[in-house]
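Note that chain A is present in both complexes that follow, paired respectively with chain B and with chain C.
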Partner chain A sequence: MAKHATPMLDQLETGPWPSFVSDIKQEAAMRAANPKGLDYQIPVDCPDDLLGVLELSYNDGETHWKHGGIVGVFGYGGGVIGRYCDQPEMFPGVAHFHTVRLNQPAGKYYTTDFLRQLCDIWDLRGSGLTNMHGATGDIVLLGTTTPQLEEIFWEVTHNMDNDLGGSGSNLRTPAACLGESRCEYACYDTQAASYNLTMEYQDELHRPAFPYKFKFKFDGCPNGCVAAMARSDFSVVGTWKDSIKIDQEAVAAYVAGEFKPNAGAHSGKDWGAFDIEAEVINRCPSAAMKWEGGKLAIDRSECVRCMHCINTMPRALHIGDERGASILCGAKAPILDGAQMSSLVVPFVEAKGDFDEIKEVVENIWDWWMEEGKNRERLGETMRRLSLQKLLEVVGQEPSAHNVQEPRHNPYIFFKEEEVPGGWDRDINEYRKRHQR
Partner chain B sequence: MAEITYEGKTFEVDEDGFLLKFEEWCPEWVDYVKESEGISEISEDHQKILDFLQDYYRKNGIAPMVRILSKNTGFKLKQVYELFPSGPGKGACKMAGLPKPTGCV
Partner chain C sequence: MAFISSGYNPAKPMEGRITDIGPREFTEFLPPVIKANKGKWAYHEILEPGVLVHVGESGDKVFTVRVGAARLMSVTHIREICEIADKHCDGYLRFTTRNNVEFMTDSEDKVAALKADLAARKFDGGSSKFPVGGTGAGVSNIVHTQGWVHCHTPATDASGPVKAVMDTVFSDFQNHRLPAPVRISLACCLNMCGAVHCSDIGIVGIHRKPPMIDHEWTDQLCEIPLAVASCPTAAVRPSKVELEGKKINTIAIKNERCMYCGNCYTMCPALPISDGEGDGVVIMVGGKVSNRISQPKFSKVVVAYIPNETPRWPTLTEKIKHIIDIYADHAMKYERLGDWIERIGWEKFFELTGLEFTQHLIDDFRDHAYYTWRQTTQFKF
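Let's turn to the complex of A and B:
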């Protein structure tokens, strides 16, 4: 018998999509039955009380969590999101309901052994509820009490060789698309880059030292499967410099209908026979393709590497061999001064080995932003306030046409004094000699 | 909200153990909190950080940015953590009696 009546939540058990309500009820029943005989370290009915407080919120149309919460583990300035219920007498099981962010493996590949160990720790010391995964990438352990935080941290580090993720004004947990592990579009090893930079900047991740939060994300190609350009201050997106590789026989197979366009992604609807002219050639944003006499040709100098033709004919068209990545900066959500996607800063950078070229850009940006960024100002906002020119300067990137979508249309142009013959020191009396008042 | 009595003084605190009123701060508070923040003895260096936080808060009505704390006290962030294991926010600000840090923590 459930602890609280939840008539509204019960409605969310109907319908075809996996119901979070059914799942939480299952966990609540499992804890009540306790088949393993665990000595639960937080209230056994924590999930019941979570459903109870959620039902109350459904009724009131208001949240029932208090403002903020500052908890953590010694040595770190982040990693745990403290939270307290504003009706602790009614729902004592969630009086404390802190969230622990755990660093996830890049690409989120797991063994069942790892996940079982983690569940064992969390069953004993937490609510048994999780988020797989938080939007930034972390494994999210949802709901525990303050005294359990150091216990969980000890077990995760000592028994699982794992660490907390980031929170606060610091480097947050980096994430990558699955990259070369199982995608033929990957232009660099995104998982290796994510892992390497996560390890390199552990201090910056665990101990907030920045004006505000800062995120890395690594996409293997412009398709953006981890949405780096929208969700990270520092977005690394794979690309290539040479030509797209064309397998003319495979192109013919697409045209003949042997291979399905877009690997069959549109097979749910009848779009007619594949029409290479209409679906690829005429859709190329820079009109860089030609289809003549049964041969496909691409003008490399015009191609903007948008991925469309490769996405449509993956068996016939392949990324080039001179691979690397572009670095774009400044993406952020609307608060405070409006949403931003990242802007292109470095058009092409090597992305291999220890990723030293990428780290150099990171560190130059940090040196500048840590000094110049205002309190709670994202990099994107600092860029707007102090200009893209300034960012290019600190990164050592020669400004080029690549850095803008279009040139400015206003004439409020600043010049550096040394660029202007004679400088800024002028004498009005000299001027008056030629121009009377 | 809980009330704590220590060495004849009473303090109003929240769930996270932050003082609700900066004016209630007194040296006994530091003595009371230090153990829960992993500190056995308050050294001169600890005191220097606490003093700076309080001065800055009285003057500006906010806690200083980490960078400003480091610059003014001369302690690198690493040293701040050596002194205050849970960091400048949860550790030092709490002991100095400043309000609880807010935002997307």
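Let's turn to the complex of A and C:
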């Protein structure tokens, strides 16, 4: 018997999509039955009370969580999102309902042993509810009390060899697409880059030292499967410098209809027979392709590596061999000055070994932004306030036409004094000798 | 309940403390066929909605079955995922960047049994536990946020509307009929955690009333200059009021300059803004992250307000389904929603969808607004 009546939420148990309500109810029932005989460290009916408070919100159309909440573990300045219910007498099971962010493995591959160990800890010390995963990438353990935080941290570090993720004005938990693990488009080992930089910057991740939050994301190619260009201040996107590799026999197989275009992604509708002219040649954004006499040719110097032809004929066209990545900076959501995507800063960088070339760019940017960034100013906003030129200067990147979509159309141009013969220190009396008042 | 210690000693909190160990190294968790072929994949195919095969240069194959998930899930559900992975996949699995679950196996024979097993599993209420799909030119999972389940600043819920929308567009999770993938995301306030600003279809919670001011507590709970600096339109300023004969420092808000973003409440607990009948959601369309053919795009606001209709948000779900259907009927192959709209023009988009164009949709935020007006005589009647 459910603790609270939830007529609104009950309506979200129907329909085909997996119902979070049914799942929470299943967890509530499991805790009530307690088949393992656990001595639950937070209220047994925590999931019941979560449904209760959510039902109240469905009636009021308003959240029932108090503002903010500052909790954590010793040694760290972030990792836990404190939360308290604003009706604790009605819903004592969620009077404390803190979230613990756990750092996930790059690419989110797991063994069942690892997940079971985590579930065992969370069952005992938390609500039994999670988010798999938070938008930044963390494993999110949803709902526990303050006294359990150190206990949970002790168990995950000592027994699972796993750390917390980030929160606050610091380096947040980095994330990567699955990269080379299961994709033929990956131009570098995104998982290795994510892991390597996460380990390198543990201090910056756990102890807030920045003007505001800062995120890394690693995409293996311009398809953007982890959305680095939209969702990270520092976006590393794989690319190549040489030619796309063409297997002419495989191209012929596509034209003959033996291979399905786009690996069969459009199989739910009859789009007619594959038409290489209409679907590939004419869709190339820089018109760099030709289909003549049964041969496909690509003008490498015109190709912008958008991935369309490779995506459409993955068995015939492959990324080049001279691989690396582009670095783009400044993506953020709208608050405060408007949304930004990342802007191209370094067109091509080596992305292998210990990723030292990438780290050098990171550290140059941090040196600058930590000093110049205003309180709660994202890197993207600092770039807008102090200019892209300044960012290129601190990174040591020579400005090039690659850095702009188009040159400026206003003539409000700053020059450095040393660029101008004679400098800025001028004598009005000298001027008056040539021009009477 | 009796307290059970983990071994942590609160009297000596720094003793035995382990820090800065980071995540587990991902290579520990890679299935053997993945480990053996990492960086040496030749090509892939989508065998059917939700089922992929990747073929290595070695000839090795890995079959992937992608299933939908609610993101908000219990340990009981995770254990069931583990049970499936143990039974069919030697104890390995992964989650995607859109919070679907992927089960991988090295032989095609095992796929049918895995799929049959997944299809048979339903929650007591009747919904599928593990619907197979989310690949190719369809609608995959909805990237979403905390809503009324955990956050203090939302203007709408996340899990509820996502369930309602996914039920409505479910057939497109299991089909490849669309011109290109349609990414739907939801954020419960303008902070836009997640991907709303760069999705084919974005749902964002908004307020429509300025914050209330808890004068008695403003100077006690808030760093007032932070609240002043938090306002994008400079509607917030410090002020003094008299309360019960005492002059106190507080905040004043110019209502005519406030557009209800709620950022001052994020900074100052004495400025609550949520309102049952004022709050609701906006629909944005046309964003994308990939660089395929066209460059990444922001999504744009096309519906300025839909009320929060708990528990199933019928107006919202109906409009989203309608936009997807019109797009499916009119766009060319490979054209993302934003690519299609830019080709036909926004006036045509509003005409075809029948969405009402209101004054709220015209940008009026700073210099950038000008560049969104139409400086040309090119338009369609």
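Methods note: the second predicted complex is superposed on the first by the 437 of 437 C-alpha atoms of A that agree within 3 Å, B and C clash if a C-alpha of one lies under 4 Å from a C-alpha of the other, contacts with A are read in each partner's own complex, and residues count from 1 in each chain.
Here, contacts are C-beta pairs under 8 Å (C-beta built on N, C-alpha and C of every residue); 3 or more make two chains touch, one makes a residue touch a chain.
Keep in mind the model is a prediction, meaning the values are calculated, not measured.
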Combined model on chain A: chain C and chain B, fit or clash: fit
Chain B versus chain C as contact partner of A:Gly168, first or second or both or neither: first
Contacts of A:Tyr76 with chain B and chain C, given as first, second, both or neither: both
Partner, of chain C and chain B, that touches more residues belonging to chain A: C
Chain B versus chain C as contact partner of A:Asn375, first or second or both or neither: both
First, second, both or neither for A:Pro208, with chain B first and chain C second: first
First (chain B), second (chain C), both or neither touched by A:Gly68: both
Partner chain in contact with A:Ala5 - chain B first, chain C second, else both or neither: neither
Minimal inter-chain CA distance - chain C and chain B, angstrom: 5
Chain A positions touched by chain B in one structure and by chain C in the second: 66-68, 74-76, 81, 203, 375-376
Contact set on chain B toward chain A in their complex: 15-16, 18, 38, 62, 65-67, 77-78, 81, 85-90, 94, 100-105
Of chain A, residues touching chain B in the complex: 66-78, 81-82, 84, 96, 167-169, 203, 207-211, 213, 370-371, 375-376
